[in-house]
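Below, chain A partners chain B and then partners chain C, in two separate complexes.
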Partner chain A sequence: MAGRIRQLFRLWRVQAYLDFLWMTRDARYFLICFICDTIINIGTVTAMLLVAARFDGIGPWTRDQAFFMLGYGSVVRGVVNIFCGFNIFHISRRIGRGQLDHTLIIPQPLWLILLTEGFTPIQSSCSLIPGSALLCWSIPRLALNVTPGWVALFLLNLLASVLIMVAVAFLWGSIAFWAPRAAEEINTDVDGALEQIKVFPLDGLGPLLLGSFVTVFPIGLLAWYPSQALLGLRPAAGLLLTPLLAVAWVALAAFVFSRGLRHYVHTGSSRYSAYGHRS
Partner chain B sequence: MAATATFGDNPLFVLGHVISILRMVVLLSIWRMIGARHGMVGEMTLSAILTYTLIAKVFGGLLFFKTSFANELWNSAIVTRFLRPMPVFPQYVAEALAVWGTGFLLFRLPLLLLAPLLGVNPLPPHASAAAWFLLSLLLAVLVGAALELFFGSLVIAFGQGDYVVNNLRMALTILLSGAVIPLGVMPWGLDRVFAWLPFASMASAPLRIYTETGPPLPLIALQCGWCVVLWPLALWAWHAQRERLVTYGG
Partner chain C sequence: MSIPVHHDIQPTDIVVELQGVCKTYRQRQRSERLGDALRTLLRPRIREVHALADVDLTIRRGEIVAYAGPNGAGKSTTVKLLTGLLHPDAGQVRVLGMDPVKQRIPCVSRIGIVFGQRTELWWDHPVAATFEWKRVVWDIPRPRFERMRETVKELLGLGDFFHSLARELSLGQRMRADLGLALLHEPELLFLDEPTIGVDVLAKRQIIQFIKELNREQGVTVLLTSHDMAELEQLAGRIVMLAQGRIAFDSDFAQLRRTYADRRVLVLHTTGDTAPALPGAELISSENGSHEYHYDAGSARLTDLLKTAEAQTEVLDVESHRGSIDEVIADIYESWQRGDAAIR
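== the complex of A and B ==
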């Protein structure tokens, strides 16, 4: 086990170095990517940010609470970007295009490759900037008792939200094992939903839709619910809901993914012709 | 062909539409929360902003005009377009309109008809607003298409693939066009600045005309102005860049 963990860090270091080389091979390319990605990441939350600023909050959220939620959601996305680049998050592309073969021939366990191959700390670093800035701005303005315990719970919930986001992507992406052509881009649609809806306060929805957003399609667990729990707007037990559901989501995604992989091992991919073109 | 390909290439295309409608439902709930607290939502009545959000969704593909042009610059599919005996860019415009038409007939039109079930009045206050809206919508598509051609040319100019340019354009359009958040609800008087930008002529102008929260003639005049400015610029950019186009296939 200790050897595996050492290997994990070694591979992360290699990926970080490769990412550094990739991004700095051309200063112009690096600057364009960095500036554009920062603008894109700011743009994701700016609309709600402006609405919260204009109306001094949204529904039951005060302005600073809304900023906290937007910052939390943005940091979740940033962490996912950093660890799941190169189509690890959009796993349906790798599966649907038959590129999983490239991964399977590497003499490492699949989980280790999936955990390390998408590590892009340089090119994705800008995706952490807007979220971190929002958290730094909002936390001192909220009547929060920031103790080491609260920070630990914050990090636990953050990790849980990240795991849920990745688990949802893998669960939906696994459809590509059975429908490689049709589902190749399914993660794009799912990602769109997660990104577009997670920044909204969901309080105004009816119980059915709200319940679905916390369980069946857990967009509410990516920012809305954990933020409420961390801000003390929910009973203390609510702080454990997101981590517990994260365990369930990861288990479900791992089960479905392994079933799909078993199917893939028998059928392989038929997407490439003998002369290399993809159908 | 493009319309039928929607079904053949991706039977899961339904998912995208469902997600898009879900987002609209969430946005409607936010306007209701704000309306319940403040009475008005900025300078708009609650009823007007709900209609605005619904119409933005129903005509979304036209108000946020997007083709596969930049993407095909990246994946090289554009090469085969040059071989066809017709201009290149209009092929993309025609395809985008066909794809939008399919989504409109199957999802957006039923959404429009079922809007009262969501508590939203889909009708404009007066029939004249609908007439002005159609003209403004046409101009919005022209402005959007010009920006599409211009940003596509930037993909070649930057030589960085379509990812950066596309996403940058998307981020700017979402924020500045008023397609998601009406410019009138923005703080610090930002709407007075954003309203003059070409992005506002893509979505905000027709939607304001439909909901009668903006005067039709000045808005349409501004859209015409942007068409006059953007089309020569976009055509110049495309003609300057197309000879620099290098593709490998991917």
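== the complex of A and C ==
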């Protein structure tokens, strides 16, 4: 186990090294990309941000609470971007294009490769900026009792939201095992839906829709529910709901992905495209 | 610089073993008719393609084996089975004594794989960076990595572009870099799937020389597929030919020529424009007194053909040489398509 963890950090380090090389290859190009990506990331929360600022809150959320939720959701996205580059998050592309063959000829466990090959801590760090800024701005204004325990629960919920986001991507992306051509871009559509809805406060929805948004299509677990729990708007036990559901989602995604992989190894990949592979 | 010897070559070691291996693909069939499209929506018509049908194959340590066959014969399927990318429907696949799917990690750590139409290089990085990435991911001890890196750099001539970005390399340079990359962990067994496809003659020659040297000095077993028969003949001591998912031939190239026809080319330059009729030889072309014939040296003698020609016209000059292996193979493929060749 210790050896695996050492290997995990070694692989993250080598990916970070490649990422650094990419950045230093052309500083001007990197700067342009970095600024553009930052603007795009700000853009994903701008509408809700302006609404919250203009009306001093959204529904039951005060302005600062809404900012906290937007910041939380944005940081979740940033962490996903940092760990899941090179189409790890858009796994349907790798599967649909037959690029999983490249992964299977590496003498490391598949989970370890998938966990490390998309690590891009430098080029994706821009996606953490808007979220971190919103959290830094809102937390002091919320009169939260920020204790080490709260910070630990915040990090636990953040990790859980990240895992749920990735698990949803892998679950949907696994369809590409059975329909490589039709589902090659399915992650793009799923990601779009997640990004568009996750920034909305879901209060006011009917119990059926709300229930499905925190279970079968867990958009509510990417920002809305964990933010409420962390802000004390839910009973204390609510702080454990997202982590518990994350375990269930990861288990389900791992099961479906492994079934898909078994299918892939039995039927083979009938198509191959190098597009997007390690580039 | 020569490649260091570090493997004990035991000629009896079996490194690849296929026993009764079958692999069938399912293809949907549809016609262009609208009614048919709707019918197949409800009841899909499936055609089964037997990529491999009861294939037995054994490769011993230190061999270079050419794996040939027409398109769709099952070559790439075999390579995928041997590299753990595909599971057989029936039969057993063993690579270095292991099941390549169930024992994927130990198996791929001892083999090297190069797919001619794919690259393992990081596209936006110099070749050197991908080499370093491989050292970490494959967990290659640094002294061994540095020794192999210098070896492949020198023998494959990577020095000129070692620090260039992969996406800026020519196809030949990229192939050489990919080949070097595949060897950094000193694999015992190398799978090369069309490694020289699209590369120029100079790069091809470098790759061929390198593979031969690697095999001779390090004892690396090589299984390579290619459509370039001349290249396979230069490299391999043994050729295995597939036809319709079955092994149709398994021996050396000399035996292949003997078995399927010792084709010779005869060119006669005559005073007249009319080509002499030569029983036992097939006239291929005739232009301005220059006539090209093909004949089988096993059934017709050159001296007899020349006597017959001289009896009909004045022969000014004669050229005769063996037919290229590509022509032999083309004839074999054609006969297989007609179904008139015995399988092995």
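By definition in this document, the second predicted complex is superposed on the first by the 271 of 279 C-alpha atoms of A that agree within 3 Å, B and C clash if a C-alpha of one lies under 4 Å from a C-alpha of the other, contacts with A are read in each partner's own complex, and residues count from 1 in each chain.
We adopt the following convention: a residue touches a chain if its C-beta (ideal position, glycine included) is under 8 Å from a C-beta of that chain, and two chains touch if they have at least 3 such contacts.
The shown structure was predicted, so the numbers you read here are calculated from the model rather than taken from an experiment.
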Next on the checklist: On the A-aligned overlay, A:Y17 touches which partner chain: chain B = first, chain C = second, or both, or neither?
Outcome noted: second
Next on the checklist: On the A-aligned overlay, A:T267 touches which partner chain: chain B = first, chain C = second, or both, or neither?
Outcome noted: second
Next on the checklist: Looking at A:A53, would you say it contacts chain B, chain C, both, or neither? Reply first, second, both or neither.
Outcome noted: first
Checklist entry - Touching A:L205, do we find chain B (first), chain C (second), both, or neither? => result first
Next on the checklist: Which chain, chain B or chain C, ends up touching more residues of chain A in the combined arrangement?
Outcome noted: B
Next on the checklist: For A:I32, using the defined touch cut-off, is the partner it touches chain B, chain C, both, or neither? Pick first, second, both or neither.
Outcome noted: first
Item to check | Which of chain B and chain C A:D101 touches, first, second, both or neither | outcome: second
Checklist entry - Can you list the residues on chain A that touch chain B in the complex? => result 29, 32-33, 36-37, 39-40, 42-44, 46-47, 50-51, 53-55, 58-60, 175, 179, 181-183, 185-186, 189-190, 192-193, 196-197, 200-205, 209
Item to check | Contact set on chain B toward chain A in their complex | outcome: 9-12, 15-16, 19, 22-23, 25-27, 29-30, 32-34, 37-38, 42, 158, 160, 164-165, 167-168, 170-172, 174-175, 180-181, 185-188, 190
Checklist outcome for this item: Within their complex, chain A touches chain C through residues 7, 10-11, 13-14, 17-18, 21-22, 25, 101-102, 104-109, 113, 265-270, 272, 274, 277-279
Checklist entry - What part of chain C is in contact with chain A in the complex they form? => result 25-26, 77, 80, 83-87, 89, 101, 104-106, 108-109, 113, 115, 117-126, 129, 132-133, 136-139, 165, 167
